[in-house]
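The same subunit A turns up in both complexes below, where it pairs with subunit B and then with subunit C.
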Partner chain A sequence: MRTSKFNIPGLVTILVLLAGWEVLVRSGAAKFDYLPAPSGILLASGSLIVSGELFSQALHTVESILIGWTVAAAIGIGLGLALGLSPLLRRWSLASFEVLRPLPAIAFLPLALLLFNFSLTTELVLMIYASVWPVFINTMGGVMGVTSRLYDVSRTLRLSRMQTLVKVIVPAAAPAIVTGCRLSMGLTLVMAIVAEMIANPHGLGYAVISELQAMQPQRMFAYVLFIGMLSIALNAGLLWVSRHILRSHRWAHADHA
Partner chain B sequence: MRKGQAINLQLIAALQYARGLLPLLLGLAIWQAFGPEKSPYFPPPSAWLDSIVFLARNGKLWPALAATVTTFAAGTGLACAIGFSLGLLIGRSRPLRRALGPLLEFCRGLPPPVLVPVAVLLLGYAESLKLLVVVWVSIWPVLLNTSMAIGQLDELLIDVSRTFHFNAVTTLRKIVAPAVVPAFLLGVRIAIPLAIIITLLVEMLTSVPGIGSLIVTSQRQFRPAEVYGLLVLVGILGLAVNAIFTSLERAVLKRWPPTLQ
Partner chain C sequence: MELSRGFRRILESVALDVFRGEFLTIVGGSGTGKTSLLRLLGGLTPASAGDIRFRGRPVNGPPEGVVVVFQDYSRALLQWRTVAANVALGLEGRLGTAALKERVERALEMVGLQHCAGDQPWQLSGGMQQRVQIARALALQPDVLMMDEPFGALDAMTKATMQDELLRVHERTGTSFVFITHDIEEAVYLGDRVVVLGGSPGRIHTTVSIGLPRPRDQITTRQSPEFLQHRLDIHAAVRESAGGDAHF
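Up next, the complex of A and B:
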């Protein structure tokens, strides 16, 4: 490919757009009462960083994301392995899961509020319900996709059931499992923000809402910007980690070649 | 005779599928049997049904349901139409794709819920706000999937249009658009759950009429049966939307070669 690795036109587009936004707001041409200029947002971001508010709110969100994500991944991998390995279990329960899956997680928010009040539990319940699904579905698909040749190998080597699971099935399904975990991280962040807006007055989601109510558009936009950056950083980080994990499992793909 | 056999086979297949529902039904039955009628947390399923019937009778349910479904359908429809057309335009030009790439990726990467407060700040608590936020959120997967599929288009297809001396519009209509439809549909599949979530979230946060605000009201007034009932209603809505889209997708993709599906 001729194009250089660094995307200069892309950067220029964003800078031009920001400059246009600044000019529109400064000149008063923008008709919105509360639209801050990019320079104002930048200043507000600076003061939020210096005062440590940003850090403490981000810490809460990141902590709850990590807890929720770990629990969701554990449940999802467990369920996915169980249903992927046992056709019997699949026959007698998969339809129940398929009925529950399209249920929008956000509809659980009022129920979780009713049961657990304004608390971290409410936030976690919501996050876990939403993010179990991609892990579960991908793990099950990955396990069901393990070719019968690999089972033959484990039989030839006289591996026990546990050894087959740990040494053959899980590594072969690893790419699908890792993809599921990566997808669910995005959902965990989305649901954490939703829960913090409505149900648990802590963290970045709550910060956005409270700045809205305090009519502090510059600070609100600073938080929005930071949430966007957090989301992109989490996704990029996980993509990097998953490539790393999968590299050591490359032999699992040998079957496709 | 043969027709009768086919129906029998269908029946058997349906029953085989239905046995998978047993754990869910069993769970609900146990709940019904042991859940105390007036429980503040776990009212039995029959109480959920009663409360939904009550809401329907006193005229609160239908307007809310209509508002939610309208916002969702209009929002998704607009997002698909705009996303597909913009995706085609952006995808056709490599420099444009490159120049807008980081911006579009940022827009997609931004967690959708944070846009609700932004819209409230700029537009106030207006009805139009609902539609705007839903469109803004669900447009990105559609747009990016469409334009990326064009980037991966087989050069051979473009050569075909050159051989036939097609002009730009005909190429777009006859060669490019059909080739990216499967990717576009995949984008719509990602956009639909986002649109449902955001429709409900806007209703919850701003109290504009809809199922979202109805559930929050029930919760604030401590009417648990209503909360459960509405939750099931939303679930049925999600299932219905999923079923409708899956059958639409199947009907459309039937006309595409299997390699592109």
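Up next, the complex of A and C:
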């Protein structure tokens, strides 16, 4: 039960911590040469917004996240459906996927760099590789979890294979598929930032590194702040969309004895 | 026909006819292959030997005109669809929008759920959910409705209401029913004939014709001497078929 739209005590804690940080830096108690005060970060943020630098960098990152995430979701759902539906396919290919899956995507960065150079392609390849997994695994699990009774129902109502897939299996697996897509969004963002720092000189990740090299800690922190806000915004947007998609799946949480 | 799973025989030399328009009930204790028999008849499981025919044609897969209704309504319904959309499931793409809507309305009206068309199944009671499943089958205007212990999970009062509703549907539509139950009174109350399945592997022990007049009534029919006699006979048959050790 929420009494207020805002979490006042939580907000107070954040403000107190920020104030403490400000005091530590200003009083010289924290002896770091390049640790800016929150007020400095705020000012730098303002100037980045006004100059339009933030917008152009953020645009690149958001674009590549949306492309990468969409492609990853499409591949993941496709693979998940195929392996979820076909025991034969699982027997032949699941072992290979299980070998690839635990390898951290970041370890492939040098390889991707060699193959695709410093480019958007490298960035996208890394993002997609990392974020396919949650969608794939969740979709496959969701499809395999569809009860045999629903297959009986589809058969006795004489639904075609396509109708069974579209009207029964995919909707039944939808909560798992959506969960996979939400998990993969977080990974897509992380991989986008890392790839921009190292492999594709554009976007927010690159901006953080270039401000670091320019010895502009206020601006660097400002970009970090923006990345955090982008992450929150993407998550909130996706939560809203997934609630909308699953609005008829409320039963999954309802008490239905 | 016969059905085996691995080395285990489930049904053995079962020969059964279902006549047009009749209400056939099948009783038997647990483990006698009632559900397996219904799955065979409904085309959901292929027979290991022998053949099953519907209107002279061999059954391989669910035939058009035969629909199965399952006991576990909450799993058999698409919980994310509304009641009306559940009932429409088997007809989508086969009928135009107007015809589909009318057919769904008529099916819901037949089970008394016209006012619930827009609800989600999980919002309804068990009895109402089972009615939705029955309406979904009726919407296809089947020649044969196969029901696997459809009222097994319902309380006694709901069960009685549902039995009478089913008899009214039977009277109105002329659909043949194959109705599985472990409740002997239910089998006698509903059926034109009662098949007693027993043993392991299961086989048909006896078939009893029920001469009780229709329409039947929960109070007068169940008190009539003929009803009580049938109940007694079938009880004895079930016990005998299980080798004197009936448990159900």
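Everything below uses one rule, namely that the second predicted complex is superposed on the first by the 243 of 257 C-alpha atoms of A that agree within 3 Å, B and C clash if a C-alpha of one lies under 4 Å from a C-alpha of the other, contacts with A are read in each partner's own complex, and residues count from 1 in each chain.
Following the convention adopted for this analysis, a residue touches a chain if its C-beta (ideal position, glycine included) is under 8 Å from a C-beta of that chain, and two chains touch if they have at least 3 such contacts.
Note that this is a predicted model, so its numbers are computed, not measured.
Q: Examine A:L159 and indicate which partner it touches, taking first as subunit B and second as subunit C; both and neither are also allowed.
A: After superposition on chain A, A:L159 lies in contact with subunit C alone.
Q: Contacts for A:L150 in the overlay, against subunit B (first) and subunit C (second): which applies, first, second, both or neither?
A: Only subunit C is touched by A:L150; subunit B is not.
Q: Touching A:A174, do we find subunit B (first), subunit C (second), both, or neither?
A: In the superposition, A:A174 contacts subunit C only.
Q: On the A-aligned overlay, A:P104 touches which partner chain: subunit B = first, subunit C = second, or both, or neither?
A: After superposing on A, A:P104 lies in contact with subunit B but is clear of subunit C.
Q: Specify the partner with more touching residues on subunit A, choosing between subunit B and subunit C.
A: After superposing on chain A, more of subunit A is contacted by B.
Q: Examine A:I14 and indicate which partner it touches, taking first as subunit B and second as subunit C; both and neither are also allowed.
A: The answer is first: A:I14 touches subunit B but not subunit C.
Q: Of the partners subunit B and subunit C, which touch A:I209 in the superposed model: first, second, both, neither?
A: Only subunit B is touched by A:I209; subunit C is not.
Q: Can you name the residues of subunit A that touch subunit C in the complex?
A: The contact residues of subunit A facing subunit C are 147, 149-150, 152-153, 155-159, 163, 167-168, 171-172, 174, 248-252, 254, 256.
Q: Taking the complex as given, what residues does subunit A use to touch subunit B?
A: Its residues touching subunit B are 3, 7, 9-14, 17, 32, 34-35, 90-96, 98-100, 102-111, 113-115, 186, 189-190, 193-194, 197-198, 205, 208-209, 212, 217, 220-221, 223-224, 227-228, 231-232, 235.
Q: In their complex, what parts of subunit B are in touch with subunit A?
A: Touch residues, subunit B against subunit A: 16-24, 41, 95, 98-103, 105-106, 109-114, 116-118, 120-122, 193, 196-197, 200-201, 204-205, 212, 215-216, 218-219, 222, 224, 227-228, 230-231, 234-235, 238-239, 241-242.
Q: Across the complex, what residues on subunit C touch subunit A?
A: 42-44, 61-62, 64, 66-68, 70, 72, 74-76, 78-82, 89-90, 92-93, 120-122, 136, 140
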